[in-house]
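Shared between the two complexes below is subunit A, which pairs with subunit B and subunit C, respectively.
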Partner chain A sequence: MSAPTLAGLTGAALVGLGLYGLLVHPHPLRKLLGFNLLGSGVFLLFGIIARKGAAAGFAADPVPQAMVITGIVVAFCATALSVALLLRLFEAGGAATLRPDVGRDDSD
Partner chain B sequence: MNFLLVLSLVVPIAGALLAFGVGGRWVSRIALATMPLGLAIAVAIAAGLRPAGGSLVYLLGGWSPPLGVALRADWLSALMMVTTAVVISAIGLFARADFPAGMTETRRSFAFWILLLAVWGALNTVFLSGDLFTFYVSLELLVFVAVPLVALDGRAETLQAALRYLLFALLGSVLYLAGTGLLYGAYGTLDIGVLSGRIRGEPVTAVAVTLMTVGLMAKTALFPLYLWLPAAHAGAPAAASAVLSALVVKGSFFIIVRLWFFVMPGLAGVAAPQLLGALGAGAIVFGSLLALRQERLKLLVAYSTVAQLGYLFLAFPLALDAEAGRLIDGSALIAGLVQAASHATAKAAMFMAAGMIYVALGHDRIAALGGVVRTAPLAALVFLLAGVALIGPPTSGVYFAKTLFLRAADSTHQWWWSLVLDVGGVLTSAYLVMLVARALAPADQAAPSMAGIVSGQQPVAALALVLCSLLLGLLPWHAWLPLPLAVTTPDPLSLDALWSLVWPLLVGMALAALMGRRQNQRPLRMALWLEQADHALRQWPAAGFSLLGLTIMLGVALLLTP
Partner chain C sequence: MSVIQALDISLAVLVLAVAIWTIVSRDAFAAVVGYVAYGLLVSLVWVRLFAVDVALTEAAIGSGVTGVLLISAAVRLRGTEAAVAAEWPGAGSRVLAAALCMVVTAALAAVVLTMPDPGATLAPEAARHLAETELGNPVTAVLMAFRALDTLLEKVVLFLAVIGVWSLAADGNWGGIAGPRRATNRQGALAFLAQLLPPVGIVVAIHIVWIGANEPGGAFQGGAILAAMWMIVIMARLAEAPAIGERRLRLALVAGPAVFLAVGLMGFAVANAFLAYPAGLAKPLIVFVEVFMTLSIAVSLPMLVLGPPDRPSS
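Up next, the complex of A and B:
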């Protein structure tokens, strides 16, 4: 199995795991972790594209790598913002959940 | 002229940074000073398009695509930029009283003014962007500034709504990013102009476009992916709701338009635009009926946004030229964009009015709206006019858009979309009629002690926005847009025009009586089913499955395109 194929399969597995976690797990922290897995899978895809579609005779195309760095920065910011919101939610409501009926009534 | 494109990005963002650095009582002053400047730049770009041959291009650093990044303005960008500038300026005027500078709650006002400018900068980036990756970055900027706007109050419910919004939007942006990666891998560029020349009807294109479109639909909250919208838009403070509902959701819609009409106009096929239109129709019917079932005014307005977003997606099937097999950026697209502009102005005013009614009454329960006409006459008037603007009397932008849509439905022989437009008008009338009936009812209790006072400036800002929406159809569109045929405004007093306004109201009245909430009476079974469906769609598993289902449907529709 060649390296790009292996990376592709790993990326696909990460996307699957992340999507499942993001959609199915009720807890927001798990959803956030799911998003990060999903993102990592997509970033791997960019790595493969950089390797396979190497433009202009480079050993690896730098453009997808530039894009993936931007993507990682964005995912990092998103994670930080989510965690900050999650902490505020826990402080304000006494529970970190996304279900509107829990948190307000169960906190007291 | 071209440097204006850069200025339109630099001015709001520099304003936001300056306000952040200086702080204190200067925050709102800097924000308010930025607004006329930004408005002037947007108008100058719109006015400069015709002399420049329809589009302005600025190459960043002088590097031309595919290596460099270009900013491009055409009539779509200019229309949306002027709308954004007008709405943001009105919101700025409106928010001066709610978010005072240098007095109590400085942190909240500090955040609001900076976020308002940042939304503006992010939206202008969306409208001017010339390549698909800049879209991704600007979309993320937009989400990161929109989410704190939802949670400005810091209450647990709004924090929850903000978190749901953020997580769902992130899912959408990852899907979008995956699509751009596939397109780059296949064609070696993400510049819209270059890519549209290279793109072919291959499986990789179908998969990439499907992922991107579904991701953007999740961010636009197109039915059935609206899980985050009602709570987020209804929970935010009035000025923030106005920004979110009027402008932020239009950003991702704009990118779908760019993708379909400018990157792959010849590859859309027949089935995929019909699917987008069907989702729009679903949004119109489902959102409006649910608006009728709401107990709180702000939630009603939020569901009305879910419904009104549906109209925008009717542009896709109606712009399809079946013979040429491609999407035409002609009158149906113009209708979609003018509809977006009319909705932006009317909906911002509607949220402002709802906010003023909340302040005046101390609550926004629809069942207890009686007496609002006396307590807050101006707010009630603005709300009524905004509702009327959404229904679309002659002279309004909605009427203009509807005429163009109907004309396109006629010329492409797709009668079913004109049916959807008529049903939409009836449904919008229904919830407006229901509210008017509630508002005219006598107040059943003495004036509540919670009530506050609406500042004098606020109704003026809201009224100005409503008038923009109501008079949008009178602008000389024909001189500015590539319109083949002018839309003539009928005499508003003629029998036809009156009848076209009256019959939806009559049918809407019947519908409101049938489906609305009434005391001491069991609701129709259909209404209960609707509420259950709505409840399910606002849960993650159902929203996730509809997202996956939509991905599969859209993917199959695009893959089967010859």
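Up next, the complex of A and C:
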């Protein structure tokens, strides 16, 4: 099996793993980890598309690569904003939970 | 099976093992530490895909800066896991979720295995127009010329994320010093590293930005390294984090998108299109924009990691 196919299969497995963490874990920080795993799996799928698009003397198609670089930065922005929201939720309600009935009575 | 193939397979197994660890680990802190290791391993996979620019970005931002963000969040949220333990879905739902995820993985794997080789590609197009940008690195040419609009909008996203994080500050702390209050501990390994690393890191970062025009590297990767250097100095308490009301900080934050937008609008006048560069001036203009982008990235990332201010500025 070639290196790009192996990386593509790894990416496919990572998407499944990340999705599972995102769906099942009750803790928001663990959901974020799942979200990042899922994203990085999708990026790897872009990686195999780039590698299979090797042409014109380039070892990999530069267009998907540039999209992944942009994607990594945007994924980081989303993660940072989510972490800030999560920490604020924790400060306001004293618990890091997404259950709507917890921390409601707090005055903040 | 050759040695390289064996290494590829071990790398894939290692990546998946660490990824499983970040999902199944009981302790959030351990899971986050696993995620940092995972990011570094994935950047090795990117090297194997001959995407060195992506590997640098993944190592610097995907693993490094995201790692610092998640580790400090995990420390502050320590002890909250026991409270949500009761919220785990039942075994039936978990099996259902696992089955669904396996279907998604199987579908993607099928796509990977049936993908045509060589596949659809824009590489010849990029190669044909690379000379017009006077750049040697096709990825930088895509980021800064062919798909410059994506990069401009991404800089705006970065800026909006900073505004979003700051807006979570309590009213009384607006304009205050970014991030949580830290214990004053100037001793130890962190303080030592914070004095040792920045001189080297700053030189490496500038080098990576400068060679980005022709070799793997560029504003993203160099900016992330500069950001890491600033963060380690702040975390070791060798320097105070800036107040978010400071004018210099705010100018640095908008410099990247603003200069990029100005050069883009200038394209209407000198090259008949938004974000077009006049012939012969493409490379100097791109490097000019990248310098300001690097500054904005180097300032935005620490602001996102530090979080909203939780005290007024003195």
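Methods note: the second predicted complex is superposed on the first by the 99 of 108 C-alpha atoms of A that agree within 3 Å, B and C clash if a C-alpha of one lies under 4 Å from a C-alpha of the other, contacts with A are read in each partner's own complex, and residues count from 1 in each chain.
Heads up, the rule we're going with is that a residue touches a chain if its C-beta (ideal position, glycine included) is under 8 Å from a C-beta of that chain, and two chains touch if they have at least 3 such contacts.
None of the values given here were measured: they were computed from a predicted structure.
Student: Determine, for the superposed model, which of the two partners subunit B and subunit C contacts more residues of subunit A.
Tutor: C
Student: Touch test for A:Val24: subunit B only (first), subunit C only (second), both, or neither?
Tutor: In the superposition, A:Val24 contacts both subunit B and subunit C.
Student: Does the superposition put A:Leu6 against subunit B (first), subunit C (second), both, or neither?
Tutor: In the superposition, A:Leu6 contacts subunit C only.
Student: Figure out whether A:Leu14 sits in contact with subunit B (first) or subunit C (second), or with both, or with neither.
Tutor: second
Student: Would you sort A:Ile49 into first (subunit B), second (subunit C), both or neither based on which partner it touches?
Tutor: Touch status of A:Ile49: both partners.
Student: Name the contact category of A:Arg88: first (subunit B only), second (subunit C only), both, or neither.
Tutor: both
Student: Quick check for you: in the superposed arrangement, does A:Cys77 touch first (subunit B), second (subunit C), both or neither?
Tutor: So A:Cys77 meets both subunit B and subunit C here.
Student: Tell me which partner A:Gln65 touches in the superposition: subunit B (first), subunit C (second), both or neither.
Tutor: Once the two structures are laid over each other on A, A:Gln65 reaches subunit C alone.
Student: Could you pull out which residues of subunit A sit against subunit B in one structure and against subunit C in the other?
Tutor: Residues 15, 19, 23-24, 26, 32, 45, 48-49, 52-53, 55, 63, 67, 70, 74, 77-78, 81, 85-86, 88, 97 of subunit A touch both subunit B and subunit C.
Student: Once bound in the complex, which stretches of subunit B touch subunit A?
Tutor: Counting only subunit B, the residues touching subunit A are 133, 136-137, 140, 143-144, 147, 151, 154-157, 159-160, 162-164, 166-167, 170-171, 173-174, 177-178, 180-182, 184-186, 188, 231, 540-541, 543-545, 547.
Student: Please output the residues of subunit C touching subunit A within their complex, sorted ascending.
Tutor: That would be residues 4-5, 8-9, 12, 15-16, 19-20, 22-23, 28, 31-32, 35, 38-39, 42, 45-46, 48-51, 53-54, 57-58, 61-62, 65-66, 69-70, 73-74, 76-77, 80-81, 83-85, 87-89, 93-94, 97-98, 100-102, 104-106, 108-109, 111-113, 115-124, 126-128, 138-139, 141-143, 146-147, 150-151, 154, 157-158, 160-161, 164-165, 168, 220, 301, 304-305, 307-308 of subunit C.
Student: In their shared complex, at which residues does subunit A touch subunit B?
Tutor: The touching residues are 15, 19, 22-24, 26, 28, 31-32, 35, 38-39, 42, 45-46, 48-49, 52-53, 55, 63-64, 67, 70-71, 74, 77-78, 81-82, 85-86, 88-89, 92-93, 97-98, 100, 103-104.
Student: Mind listing the subunit A positions that touch subunit C in their complex?
Tutor: Against subunit C, subunit A makes touches at 1, 3-21, 23-27, 29-30, 32-34, 36-37, 40, 43-45, 47-63, 65-70, 72-81, 83-88, 90, 95-97, 99.
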